[in-house]
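By written order: A, B and C. Residues from 1 in each chain.
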Amino acid sequence: MPGWLIDFLWVVVKVTLVIAFVGVNFIFMVWLERKLSAKMQARIGPNRVGPHGSLQLIADALKLFSKEDIKPAMADPKVWALAPVVMFAPALLVFYVLPVGPNAVIGTDLNVGLLYLAAVSSFTLVGIFMAGWGSNSKYSLLGAMRAGAALMAYEIPLVLSILTVAMLAGTLSVQGIVQAQVDRGYYFVFPGIVAFIIYFICVMAELGRGPFDLVEAEHELVMGYQTEYSGMRWGIMLMAEYTNQFTAAAIAAMLFLGGWDGPFLPGWLWLVIKAYALVMVMMWVRWTLPRVRIDQLLDLSWKFLLPVSLLNLVVVAIFLV
Amino acid sequence: MADQIERSIGAGVQVIEDAETMEEALRPAHLEEQAGERRRMLVNFGPQHPSTHGVLRVLLTLEGETVIDAQPDIGYLHRNWEKIVEGWTYAMVVPFSDRNDYLAAICNEQAVVGAVERLMGIEVPERGQFLRVLVFELQRLTSHLIWFGTFAMDMGATTAFLHAFRERERCYSLFEEITGARLLYNYLRIGGLRNDVPDSWLKKLEQFLDDFEKEAYPSYWDLVINNEIFRVRTKGIGVITPEQAIAYGASGPVLRGSGIRWDLRKVDPFLPYDQFEFDIPVGTNGDAYDRAIVRMKEMMESVKIIRQVMKRLPDGPVMAKLPRALRPPKGQVYNRVESPRGEVGVYLISDGGTGPYRIKWRSPCFTHLMLLPVMARGHLVADLVTCIGSIDIVLGEVDR
Amino acid sequence: MTDEERKDQAAAGGTGGEAAPAGQAGAGGGGAARGGDDEARRAAIEKAKALAAAKAAAAAKARAAAGEGGGAAAGGEGGGDGGDAGPVMPERYQQFLDALGKEFEGVDFAPAYNAADGFLYINVPRDRLREIALYLRDRAGLNYLRALSGVDWMDRLQVVYHLTRVEPDTRPELLVAMQVDVDRDQAVCPSLVDVWPTADFNEREVFDLFGIRFEGHPNLRRILLPDNWQGGYPLRKDFVDKRPKRQRKIRPR
């Protein structure tokens, strides 16, 4: 077989695996969220479709597919239609640099992997703006503006906390960071505990989760930028959101908790376990705390997280020197 | 005749004609003028909305995110209760009054039943009175539980809502045992109660109170009230000064949150509350946080009262001896009770018949809605939801 | 006041002076108003109006002849002439009435102390309503408007204001209710929104359901009935529901 054909087939296999994983992850995570929240609220959660309700999401997906595709009479049909795609693409792109073993990276190990991650994950913001603008609705635009302001505010402390890890490891490549943790024998969560906490808070705000879900909360005049989407279009936005949660948790696992490192089990399984542990913490926080207001959200970022992350960066730099 | 009056409008009277079209109803002209400049928006909040407990519509004049004006528009649940009961006997009026404030049904019944009893000079036997106090306070507890759940849910803490309803389910079972219904009881009768309560029920009630006091109530404080986000969301929001509270006719926790210790159970008793020891919690600043604290503490005071009642419950009948057909003498009476929402008043005019000539329902939430523009001005849209929640509004009572 | 009027008042046990004769006539008509059909109702109202007009004229003549001011005398009469009925008015109410009578000479308050709820019901003439309201709020200290109701006596409408004084930890000493008579056909009443802001929504409700127009109200619009309601004033006794009746039978398939 010619070399290029083998490479091509290999790419096809990897892409299929990633998409399959994303699908299964979506089903599993939604089920996990519903069951976890039910347990915390003295309820049972889905328990009819499949054993312990595990196939509930398949039923929901079928329902979403069967819904009427309502196209609002609006400003820009192409922008409106493309917005869910633009929101979903970055979630998939992150998988490119995920290391799943000591010598295995799903795509290639870019030596500016961290920069790539930061750039790609902020692309979701463009998708949100497209959704808000293309809907040609006062409420959607307001919701998109709010989301935009919040997301932009949390980008900076996020990047700064990631930079701290890069400084500790001495490299921007994601595989290199994980390797550095393995070589040194300690995970970066210990020296970089402040960075870890800041990263966690920022990523919850970026995802619109937890106490920061005001952009899609009910008290907003309607659903914010998601108002004009129904059926599977909205399903894709939901899938994007949940996949982003997983990838954000996976990045945290790699940068701070050692990624694929661990005894007995294969590397990718460790990555998945650590990522899901963080995902469960995010869900736990979401169902416990009330929601912050938009001005409090922005205050938290600009007046607290930004100075603290800068200070953290300086302290780590001094410590290293 | 109505049109003639309409057309004889003098220059000084500003009456806005009935809305001819849906357009006019949605965007009244006088509010559009107020919105005026391009930076301001006139936005409809409701009537279908998960955060406005019931069908309430608020017309917001927004400047960006800031609320310039918030005009409530009610009447979506108006059933003209006062007219319907004009043809009925008093026994029929009592269960119908449950439907006004459907979350505190016993309080409504007490208002109506107490009015007739005052007119006729009926003396309810002591056991009946004590039991009335007991179910009244139990109703206050359940009503505050639902306020707590929905208020926390408005803030985003959905779990609190389900936890509050877990307690409420137990209360539903308790009520179902003695009255036969879970939410709308028709338990109070003119002259007493429908039936007595067995001792086994009192034991179950005590068990519930113990569980509530030890586990559920402290968890509400820890998880919600003492949560930093909750405090930041409610402190300084929706401030009502004491002068405003009195001028606008506030009552109940809204009045007490502003620091005025006025509780009809102490100053204008309608049941034998002077035989029980309890405090009246008041706030200091008149903001949403103080009103929340007042209601939380009132929950505990209710538990105290119920325990005292159970300890000192005398034996005897629960219903006075009355003629079959109740005909109060001609006259009028204004009976007032302290419901969980404030002062519920019944102004009853009797003409000697078997039913009311005119019965007027004084609703506390109706009065508190007038405070909404005062509370919400200058705040953000998210705070509007906090303000509405801190009034503990029930639209059934507002619209009747 | 004649003996007849006095007996009427004692028997009624607490309604305002002028209301008693009309109330009795209204009771007979009231039964018809509630149970009967529309024509009977309207006939009853006309009859009541005529009766009341006649009685009022007679009472006014009698009063003018007797030359009394109303006020304290009627209160004393309500206190028990003939030894039956007549609730006893507490001392503080008597003082309040004396002060009120002194301030507003020539106004017949026709006060009646209602033992059932502890309120003193006084009849306030419409043209002096605002001054008396301001006096009650500022000088008598009644800072809290508890309830504002509209009542349809058959010959006239009436607005009733229940007032009290709210002071922390204090039992209210003075419970006063103002009754303001309003004409059926020219239903106008001064607005008290600037005296007690509570009156805002309450007056809108009375306007909506009774048709009483409040002069000076800043925002007199419909509040409870639908925005496009054209059917009249529901809480009036002569209200006829002209909406089409809905089909209530379930037709078998």
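The criterion applied here is as follows: contacts are C-beta pairs under 8 Å (C-beta built on N, C-alpha and C of every residue); 3 or more make two chains touch, one makes a residue touch a chain.
Small disclaimer: the values here were computed from a predicted structure and weren't measured.
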(message) Suppose chain B were gone and every other chain stayed put; which groups of chains would still be connected through touching?
(response) A | C
(request) Name the two chains that are joined by the greatest number of C-beta pairs in contact. (result) B-C
(request) Quick one: point me to the chain whose Cα centre is farthest from that of chain C. (result) A
(request) Could you put a whole-Å number on the gap between the CA centroids of chain B and chain C? (result) 26
(request) Could you tell me the distance, in whole angstrom, between the mean C-alpha positions of chain A and chain C? (result) 67
(request) Measure off the straight-line distance from the CA centroid of chain A to the CA centroid of chain B, and report it in whole Å. (result) 44
(request) Among the residues of chain A, pick out those that touch two or more other chains and give their numbers. (result) none
(message) Where in chain B do residues touch two or more of the other chains?
(response) none
(message) If we count contacts the way the header does, which residues on chain B are in touch with chain C in the complex?
(response) 1-2, 5, 10, 12-16, 18-20, 24-25, 30, 74-75, 78, 80, 82-83, 86-87, 118-119, 121, 246-249, 255, 259-262, 266-268, 329-336, 343, 345, 347, 349, 351-353, 355, 357-358, 360, 362, 366-367, 369-370, 399-400
(message) Under the definition above, what is the set of chain C residues touching chain B in their complex?
(response) 11-15, 23-24, 26-27, 30-31, 34-35, 114, 116-117, 119, 121, 143-147, 149-152, 160, 162, 166-172, 177, 185, 187, 196-198, 200-202, 205, 209, 211, 213, 215-230, 232-235, 239
(request) Can you check the complex and tell me which residues of chain A touch chain B? (result) 37, 40-43, 138, 211, 213-214, 217-221, 287-296
(request) Write out the stretch or stretches of chain B touching chain A in their complex. (result) 41, 43, 45, 49-51, 65, 152, 154-159, 162-163, 166, 223-224, 227, 229-230, 232-233, 380-383, 385
